[in-house]
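Both complexes below contain chain A, partnered by chain B and then by chain C.
Presenting the complex of A and B:
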C-alpha cells in the first residue's frame, strides 16, 4: 500500500530539531557509551552508577523523541552514507517507529537505573563486558526500529540476536545457562532465515524497472511491491514464523522460558520487556507496512487469532505451575505475546472484512498491551531479581514473608502484579478490556465459522486473564506473604536506592498508562494511521480525557480515574467496617492445636500445591511424571516433574530423526581413502552421465 | 582466436597419434607393476603432452601455446620426474606396485571408461572449433583412467602419480577443446602441482616416520577412533 508522503519529507539540518536526529544521536551515544564503559569499568567499579545514569539519560531522550514523533505524527527519513554499493543506509522514524522507540526508551530508562544498583553483585570480571553488551543491545534494538531497508534491518536484527545471546550466557560457567543460550541462538537463526526469505520475496515482486538492483531492498520500494496471492501468503507465513520465533510463538517458544530466566535480572527485563516487542514491531511492519493491508486476506487473521489465544492460555497455564519466579514470568511473557497476536489477528480479520473501526481498536489494544507489558513485565523481572538476591534461592518455595522484610520493593512489585493480572484500574485492564471489546464485535461479521473463531479468541483471552490473576496471586502470595520458608527468606533485606528508583520509574509508567488511556490511545492512533489507511472519523476514544469510549456513539465505557476514586472511597470503608462492627473478642487456643496455636511455614500452600487444581483441570497441557511413595518405604518421597509437552512430542522426535540420519551418514564415512576416492569417482561419473543424457 | 588453417592431413594424423599414445600411456600406468617404470611413464606422458601442445600450436598458429609447451616440458618432463625419482631413492622404494583390485579387472574397467568418455565427449567435440577437437574424448578418458589408478592402488606414491596424471589429462583436454587455458591459469596450476608434489614428499617422510610404512591401510583407521 502506498503511503502518503509526510508533511515535511525533508529533515531539517539543524541538529536535534527533529525526532529522527535525536534518535540517531541516542543510537550513536549508546554505542559509544558502551565501548567507553567497557574500558572505564575495567579500572574501577565506582563508575557503574554514573555510566548507567548516562545510558538511562539516553533512554529518556529517546522516549521524548518518540513522544515528539507521535505528537507531531512526523514521518522522517534519512539516507546515511555507507552500506552496500547501491544500497546506502536508509533510516526512518515514522509514527509506528516512534511508538516503539517510546517503549524502548521508557522501559530501558527504568531498567538501567535499576541495574546501577543491581549489578554491584555481579563478579567484577564480568561487569565491563556485561555493560558493553547492555549498551549494544539497546542500540541494536533502536536500530531495528529505525531501519528503512532490509539490509539495515537485518544487520541490527542480527546484532541484537548475538548481543542478547551474550547477555543470556553472562553466567556461562553454569551448564544450563550455556544450553539455554545455545537453544536461543538456534531459534534466533531459524527466525532470521525466515525473515530474510520474506524480504527476498517482497523485493523480487517490486515493480520492475522502478528500483534497479539492490535498491529493491529498501522498504520504500517493498511497499510498492505487488506480490501475487501465493507470494503474499509466503511472505505472511515466513514473517509470522520468523518473527514468531523471536516472540515465542508456539511451538517456537521453547527457548524463551529457558533463556530469559538464566540471564541476570535486568537483562531478563530487557529481553522480555523490550526485545519481544521488536518481533511485534517486525510483524506489524511487514504485514501492514511492507506487504500492505491490501495484500492480506481476512481468513489469514483466523490462524493468527487462534494461535494467539492458544499461546495466551498455554503460556499462563505453564506460568502457573512454575516455581522459579523468573521462569513463571517468562511463561507469562508467552501469554502476553499471545494476547498481542490475538489482537493482530483480530485486526487483520476485521479490517479486511470491512469493519475497520473494530479492527483499529484491536490493533490499538495490541499496541497498548505491548507498552503495558514492557513496563509491568520489566518491573516484575526486577522484582524477581530482588527476591532471588535477597533470599539466595531461585525457588518460590524458598521465599515467603518477603513483604515484611522488603516493604518498598514489595510494594512496587504489588503494583506490577495488580497491573499484569488485568485488574482495574491497572493498565493491563485497559488493553485487555479494549481487546475484548473488539472481540465482542464478532456479531457484525458474516459467517458462522468466522464469528465463532473470534468469539473463541475472546473467550480464550478472558480465560487467560483470569488464570493470569491466579498466577500472580501465586507469585505474590507465595513469594511475599505468609511465613518465610527458608533461612535466606528470614534474613532478607530491602534493596538499594538505585534499584528502588528504577522500580519506582516503572511503577510510575504503569500508573500513567493506567490513568490516562485516552491520551495514550490518541498517540497509538497516530502510530497506526499510516498503516491502516485513511483516518477514521469515529476513531476510538476520544470524548474528553475522562471517559474512554471505544465504540461511539453507544458502547461500553470506562474511566480509570473515576474507578480509582470509587476504590479510594470503598477500600477504607471495607477495612473499617469489620473493625467497627466485627466481633473483637479473643479466644484461647484449644489443647489439640487445631485452632492453630502454632503456625509453621509447612502449613502454608507451597508453590506446587497452589497450582495443583490447575494441573488437574488442564492436565492435557502438561506432561507430568509423578513418583508416589510405596506403602512400605522407609523414607517416602513424593516427586512431581512438569514438562512442556512440546519437548516430548515435537523437539525430541526431531532430534532423534536428525541423530538417526547422522548415524546413516556415519556409515558412509568408512575412513578408507580408497573408498573416499571411489565416492568422488562415482559422483563424477554420475554427474557426467546426467549432463550428457538428461 | 584465429580461424584454423586448412589442416594438413599429415599434421592431423600426428596429433591423433600423439593423443592415442597418451591414452596408451594412461593404460600403461594402470598395468605397470614397478614403481620406477611408473615414474618413467609419467615423464613419457610429459613428453607426449609437450609434443602435442607444440603440434596444436603450430597448426593453429596460437603462439601462446608455444610457451605452454615450454612450461610443460620444464615442469612435467624435467622437474617433476626428477623430484619423484629423488623421492623414490630417499624412501628406498623399488618394489612392486600393490593393487587393491587386480590388474586385468582394472584394465577391463578402464576399457569401459574409455567407451563412456568417448560417448560423453561426442557432443562437446562437435561444439568445439579447434583443429584437434576429436581428442577431447582422449583427454577425458585419460583423466578418468588416472582417477581409477588412484582408487585401485595401495601405496601413497602411486596416488600422487595418479593425481599428476589427472592434471596432465586435464591440460590435454583444455588444449584440445579451447587451445588451452589462459596463461595465468596454466602457470598457476603448474605451480600448484609443483608445490603439491613437494608437500606430498614431506608428508611421505612424516607418514613413514609415524606408521613405518607408506601403505594407505595404516591411515585408514585414523577416523574410526
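Presenting the complex of A and C:
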C-alpha cells in the first residue's frame, strides 16, 4: 500500500500509469468532449453515436482506474495550481474515492451507450445542450469524488447541482418540469449551505498553528481537527441533513420524486443511479474520514438507523401507489437510500460500542448496496424510458402486454426487477443479506433499547424489501404483462440496438455483482480500511472466492455461485418431468371469463387498484382524497388522489409563513418616492447612531 | 451426491403424500370418508397426462413460471437438514436465503398469474404479495429468535446448538413456535388465511393465481406448493423438535431418523388439519392482525431469551 505524505508525489509522466492521473485525464476529457460535442452536434446529429461512445470510453477508463486504485489500495494525492490564494486545488484518490469512481464509471458507461440510441427522439434543438450538460454532470460528479479540500469539493458540488438542474429542466416547456427544477435547486442550495457549515466547524477546530489561514480547509488538516462533543454533533447533524437533502432524506426528499422523473430517462438514470451516491460518499467522507470514528458516539447511530428504516418504508409505500413508472422508481430510490442509511447507522452503533466486526459488515453491506443500486436502478430507469417511448404514455395504465412486444428489453427489465426486489440469487439480495447478518448480531449489544432499535431496523428492512417485491410486481405486472391497455401499447416495438447494448451492460453488471460478492467485498474492504482502521476480521479472502462467510467461524454462509449452479441444474430437470408422463398436446384458448364471452383490458387491475391493500393498511402514510359515486348517480365518477403528507403538514405551512411575511414586507412598499426618501433618511440616521456608539 | 439425490427424491415423493395425509385427517375430523393418502399423487399424474391450454395473449413468461417456481422450491430441499444434521449443500444457503427463495417463487408465481391478464390472476397476485409482505417481518423475527443460541442463521448451526444445549426447554422457543405456526398457515395458503379447497372468486388467493394454468403446468405448480408445505414443516421440526435427527450416515441411524421424521411429520400434519377444521376463514383485511400477532409473539420470544435464559 502506498502511503504518501501530505506533499504530493511527483506527477508521473505517463498518464495511464497511476490511477489518479487516469482519473484526472477522464475528468478533463469529459469536459472537453462535452464542449466539443456541443458545437459538433449543432451541425449534425449523426455524430451523437460516436460522441456518446467517446464519453462511454471515458466511463470504462474511469472504472478501470477505480479498480486499479482498489486492487493496489493506493492513496494518491496531487496539488494542482489554481484555486484560492493559500489554497491550491487538492485532489486525492484514496480507496474510498476509487470505489465511488468505479460506481460512476461502471454505471455511466451503460447509461451513455443507451443514450446513443435513446436520444434520437430528443428534439434536435435540445440535443447539443443536453449532451454538454451530461458530460459536465459526469465530470462534476467525478470532481466531487476526487476533491481533497473543502473548496474544490464545494465548487464541484455546486457545478453538479447546477448542471443536474439543467438536465432536469431539459423539457422546460412543460410547467411541471419547471416547477420540479425550481424545487430541486432550492433543496440543493439548502443542502450546500449546511455542508458548508459542517466544513467551517471542522476547519475552525483544527489544532491551531498547524495550518494557518485557508489551508485549514484542506481535508488533510480537517482530519487532524479535534472538535469538542458539541461541535462534533453540529458537524454530524449538518452533514447528515446537508448531504441528506441531496440523498432524499425524509423530510427533505420532496424534490426527488418530482425532479427525477421529469428528466429524460438517461438523465433520470444518472440522477438516481449515480448522483444520489455522491451524497452517500459525502456522508462517509465527513463521518468516518474528516470527523473520524473516534468523534462519533454510538447513540448517534440510532437516529440514523431508524431514519434509514423509516425512509425505506416510506419510500417503498409511496412507490407502490404511483402510476407513473418513473415516479415509482424515484420513490424506490428513497427506499434504497434508506437502506444505505440503515447500514451506516448500524455501523456507527456497532463500531462505537465495541463490535467492530458487525459494524464493518454493516458498512460494507451499505457500500455494496450503493453499487448494486447504481446498476439496477439505472437499468430500470432505462426500461421505464423504453416503456414510455414505446407506448407514448407516462402512465402504467396505458401500458401492459409489453413483454410480448418487447421481449429483449422486457427480459432485461425482468432481471432488474428481480434484483431490486432483493431476491436470491440477484445482487440486491447479497447486500441485504449482509445487512441482515449484521442486524442479527443485535444479541451481542448491551441494553434492551439498543437491541430493540437494531431489531426494529432489521424488521423495517425486511418489511421494506417484501413491499419492494410487491411494488415491482406491480411495475412489471401492470407494465409488461397482461393485455395491452392502450393503442400505443398494442403497437409497441422493441428498442434500438444501442439501447439494448446499454441495458445489457447493466444486466451484466448486476450479474457480476451477484456472482462475485467475495471479490467485491475484498475491494470494499480496501475502501473501508483507511476509515475504520481495521481489516474485516473475517477477511473474505480467507474463505475463497466461492463462499460468503461474514462472521467466522460458525456464522452463516451463503454461496450465490453454487446456488445459481443448483438452480441451473434443477431447471432443466424440472422441464424434463412432464416428459416422463408422455407427450401431451398443447393449444391456445381464450381465458376463463366466468362464462361471459367478452374480455377487455379494463378487467385487469389498474395501477391504482393493485396498490389498494397498501393504501388500506398504511393509510397513515398517505394523504388521500377520494370521491366515490353516490348510489343512483346518473354519471358516476370515481376519483382518488394520493399525496405525500409532507406537503400538507410541512412544506405548505412553511410556504404560507413566507408568503405572509412577504405580505407584511409588501406593506412597506407604497410606491411614493417621498416615502422611500424617508426610509433612506431613517436608515442613515440609524446607521450614524449605531456607529457613534460603537 | 448420494445424500443430495436422496433428499430430492424423498421430498418429491413425500410432499404429495403429506398433503394427502392432511386431507385424510381433515376428512376424518369432519366426518367425511377420506380419499386416501395417494389422492394428490393420483391428481398429479392425471394432470400430467392432460393437454396444456395456454391462454391467448400470454408471453413466454407464463409458460416458464411453473418450472422456475418448481426449481426454486426444489432447490430449498437441498439446504434443509432432514435426513442428516449436516447436509453437504447446507452451507450454500442459510435460513435467510431460504426465505428469499420462497419469496422468489412467490414473485414469479404472481408474474405468471398477471400475465394471463384476467381479473382473477391480478387479484390472486396482489393478495399473495400482500400476505407475503405481512408475513416476512414475522418470519425474520422467528429466525432471530431461533438463532439466538447459535448466533448464526445457518440451519445446521441452529440444529447443533439446540441438540447440544444444556437446557432441554427454552421458553423463548415456545413463543417462536406459536409465531411459526401462524406464519406457516399464512405462507402456505391454509385456513384461516386462505382456503386451499375453495374456488370461490371473492375469497381465493393462491388458487386464483393458478386459475389459468392447466395440465402439466398446473401439476408443476401444485407439486411445488406441496414441496413448499413440506419444507415449512421440515424447518419447523428443525427449529422446535430436532430430536432424533441423525448426524452420521450409518444405515441404522438413517433408518431411525427416517422413522422419527415420519412420526413428526404425521403429527404436524394432523395438527395442521385440526387447526384447519377448527377455524373459519378470516376476512382478508384482518390478515394484518393475524401476522402482527405472529410478529409480536416472536418478538416476545426474543426478549424472553434475554430475561430468562441468559
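In this section, the second predicted complex is superposed on the first by the 622 of 694 C-alpha atoms of A that agree within 3 Å, B and C clash if a C-alpha of one lies under 4 Å from a C-alpha of the other, contacts with A are read in each partner's own complex, and residues count from 1 in each chain.
One rule holds in what follows: a residue touches a chain if its C-beta (ideal position, glycine included) is under 8 Å from a C-beta of that chain, and two chains touch if they have at least 3 such contacts.
Quantities reported herein were computed from a predicted structural model and do not represent experimental measurements.
K.L.:
Would you sort A:459 into first (chain B), second (chain C), both or neither based on which partner it touches?
P.N.:
So A:459 only meets chain C here.
K.L.:
Comparing chain C with chain B, which touches more residues belonging to chain A?
P.N.:
In the superposed model, C touches more residues of chain A.
K.L.:
Of the two partner chains, chain B (first) and chain C (second), which one does A:100 touch, if any: first, second, both, or neither?
P.N.:
Once the two structures are laid over each other on A, A:100 reaches no partner at all.
K.L.:
So in the superposed three-chain picture, is A:685 touching just chain B, just chain C, both, or none of them (first/second/both/neither)?
P.N.:
The first partner, chain B, only.
K.L.:
Have a look at where A:475 lands relative to chain B and chain C in the superposition and call it first, second, both or neither.
P.N.:
Neither chain B nor chain C is touched by A:475.
K.L.:
With the two complexes superposed on chain A, say which partner A:601 touches: chain B (first), chain C (second), both, or neither.
P.N.:
After superposing on A, A:601 lies in contact with chain C but is clear of chain B.
K.L.:
Flag every residue of chain B that touches chain A in the complex, lowest number first.
P.N.:
Contact set of chain B toward chain A: 100, 116, 119-120, 123, 144, 147-148, 150-152, 154, 159, 216-217, 219-224.
K.L.:
Which of the residues in chain A come into contact with chain B in the complex?
P.N.:
669-674, 677-678, 680-681, 684-685, 688-689, 691-692
K.L.:
Please output the residues of chain A touching chain C within their complex, sorted ascending.
P.N.:
My answer: residues 400-401, 403-404, 407, 410, 414, 418, 421-424, 429, 433, 436-437, 440-444, 448, 451, 455, 458-459, 462-463, 465-467, 469-470, 472-473, 476-478, 480-483, 547, 551, 554-559, 562-563, 566-567, 570-571, 573-575, 577-578, 580-582, 584-594, 599, 601, 603-605, 609-610, 612-614, 616-617.
K.L.:
Could you list, by residue number, the parts of chain C that touch chain A in their complex?
P.N.:
Residues of chain C touching chain A: 45, 48-61, 67-68, 70-72, 74-75, 78, 89, 91-97, 100-101, 103-104, 106-107, 110-111, 114-119, 121-123, 125-127, 129-130, 132-133, 136-137, 139-141, 143-144, 147-148, 150-154, 157, 201, 211-212, 215-216, 219-220, 285, 288, 295, 299, 302-303, 305-306.
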